[in-house]
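First chain written, first letter: the chains are A, B and C, and each begins at residue 1.
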């Protein structure tokens, strides 16, 4: 295994006191930007970038990628504690993480999230180590039709998994699509749906929508329903952290499956956000306890977290080997690579062995550092749940306001965020599901672009989605996932009552 | 008091109005197929029609099946206690800036509560403004709005 | 001059004040915001940050500089924001030719006349790229093959719609009497990967967008849309550097020049002192070795345009784009 040999060489480079120190700094800063909604890893990384100009490229990338790991972990903290996703990819973590924390088990929820996240990240790095060149080839097979098929698959695995009234689900989904279309359209270059407000040309930011829908909306629900967070013991619960981690292998199958979904979505253009949603959707369908999802089910935390981190990690590979940034943060790092005099692309692995394998080795180490640091912070974060509601409520409003503002220094975004807050409250109260709306905002316009690019390529023929084995398989898989609930219901009706699956 | 019926109706009207706006706005962009492929208004038009039709359905459905009372007087009062100060906070940001607004908001919220004290309120207010400044202005170089007050004071 | 001011000293001081007025009459008194009309990592973002680094390194300005990304709406967000800041000399917006081209083809809420031009600091080059294993050795081969196929069968990818990449594609259409179908992607980097995967047949990326792919032998340039060959330099592949790529004109595609200027603007309604301050600042930036290094690293061309030369350039570029836009029916009616 020449890759393993190279990896050992990489460890030799990454394992120095200086580098471990950079990892700790990077991870701590990353946790900070991850926890603060509105600030994300891309902001943090672009601020650190100038500091790295004087460094060795390996040291620089170790600092920046450690920040990325920290931000990935930190993003889950506010999702779980306050229902405010710090990063787009941690929205799905709110579905079960927040109910569990509200139920008096914030320590368990955080530890479950971090443990599964670490597993996912590890799976991503192992994939990079063993299959770097193969993975690069896979990514090249994706043209616009395949992109569309991947997005379709993500929607199909998540939508129609039930619970909410179907027409309300449809309205919610469609609103998400409409919001995703606001601004300049990539394919035609024309301005769409700005409703006469000039500034809307920039589009509706996902963070603004989520902060309102989830953060403010949930706050209103909590106040109105007089929801009190269950008392949490004031002892520091190290034992609980430990017990949760030891208990994680219970969810072994869910961990493996979610990591696989994450790796797949990280290499293909789906990305971490779509991966976490898809993984959650599939976990809910396959779990025997699926009625418990949304009420604090551990597997509902394991699935999105493992997938999110697996995708976030494996998304760095296309950046290095092809020069396609798999995420906004990867784009900033790519800018960094060029400044340090390295050209991301197929030759990087050949010409810059020290750099590439030093980075890959640092991914193992950086993640270990990140998970240790973040687990140490669990009791601190969990203690936040003990702050009385009359103090925490205005703090949440301020965090959401500043978060919405800092996305693009815009007051309009703050007002939009408050509007989304009211909408989120109404939707929640009346059982409109929010998740389809959020997923549509994130990948709706990408799916539309991919569809229209495909149509340009095929001169308007839908046949392009069945022209090659890869795209056909993806589309059929998506269709099967979409129709599965209906089919099961039909089978259920035809069979005697007692044999119906739960 | 708010009945389930009126809340359902209000929500359906909001979503429906949004759907209608999307339809109208999409007509500016061209519908169907042209030399440049699928025109940019096509997809928003479909989405707008789905929103509008779905909202009409939800309106009727909500009217027929909603619960009689969904928000009693005490629920409304609690909502108002949260929402009104929050809205005022957001509303005064252009006037007095983020820092002062946040500090006053925190101060008011804590001082108002029977479990809070003036000392705690003052400490929390100053702490919030300071934390915001250090975190955003200093560490991440994002300048928060200073409002008309800030301009007047020359910041 | 701390003690008795003599007549001579006063005269001397006045003289300094007057000669200095051209470049030092106005000095910034609070932090300056650089607005990049592209996301972190994009070409315009790198441009803004390169200038920021140089200004900070040489302490050319006393005040701190913050880079803010306003990339929404293909940059329209940044320009619209700057337009709303009329009269504020602490906002400097960094962009490309889309400052004047975008308002021509989309209903955005600004025009370049709402901004105060400072400088066009550097020009990014365009090349015509095909897949490494494509059978064409030169532009003529390629264009013949395109002409032999039914119109719309050969796919040209590019960044954004109705922006430079598509304008150039339509100019090639016209010059070579062919018809490409243009597939817009979010960025040039994306187009490069699509070409490597064989999903499109060609693109017209800037050097920095495809250098990694050229090194890695997934795609190669056929010709450069510049008046003379790109400058000599280190080898990019085993055998070639940028200078080895012929210009399009010498290989028989009659498009003598197509470049993307990287531009700097202030909001409208600023004073001439303030404008002069920033023009001077950009001049100082342009004179540093770090700036040369930035230009070389990104394989751009050093052309520094200010004042009338910049205005003339804008006029010419608008004429050229308008011709294409009229033919393609892109012009919006305002």
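Simple rule for what comes next: contacts are C-beta pairs under 8 Å (C-beta built on N, C-alpha and C of every residue); 3 or more make two chains touch, one makes a residue touch a chain.
Because the structure is a prediction, the values reported are computed rather than measured.
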* Chain with minimal offset from the mean of all protein Cα atoms -> A
* Structure fact -> When A-C and B-C are ranked by contacting C-beta pairs, first comes A-C
* Structure fact -> The distance between the C-alpha centres of chain A and chain B, rounded to whole Å, is 24
* State, to the nearest whole Å, the distance from the C-alpha centre of chain A to the C-alpha centre of chain C. => 33
* In whole angstrom, what separates the CA-based centres of chain B and chain C? -> 38
* **Interface hub residues of chain A, defined as touching at least two other chains** => 43, 185, 187-188, 190, 409, 456
* Find every residue in chain B that makes contact with two or more other chains and list them. => 36, 141-143
* **Interface hub residues of chain C, defined as touching at least two other chains** => 161
* Structure fact -> Residue positions on chain A within touch of chain B in the complex are 32-33, 36, 39, 43-44, 47, 165, 167-168, 170-171, 174-175, 177-178, 181, 185, 187-188, 190, 192-195, 216, 219-220, 223-226, 388, 390-391, 393-395, 397-398, 401-402, 405-406, 409, 411, 414-415, 418, 423, 426-427, 429-430, 432, 448, 451-452, 455-456, 460
* Asked: If you look only at chain C, which of its residues touch chain A in the complex?
  -> 39-42, 45-46, 49, 52-53, 56, 67-70, 72-74, 76-77, 80-81, 102, 105-109, 152, 155, 160-163, 181-186, 189-190, 192-194, 196-200, 208, 211-213, 215-218, 297-298
* Note which residues of chain B are touching chain A in the complex, please. => 7-8, 10-11, 14-15, 18-19, 21-22, 25-26, 29, 33, 36-41, 43-44, 47-48, 50-51, 54-55, 57-58, 61-62, 70-71, 75, 78-79, 81-83, 85-87, 89-90, 93-94, 98, 102, 105-106, 109-110, 113, 115-116, 124, 128, 132, 135-136, 139-145
* Spell out the residues on chain B that touch chain C in their complex, using ranges where they run on. => 36, 141-143
* Footprint of chain C on chain A - complex, ascending -> 42-43, 45-46, 49-50, 53, 139-144, 183-191, 198-199, 201-203, 318, 322-325, 328, 331-335, 338-339, 341, 343-348, 351, 408-409, 449, 453, 456-457, 459
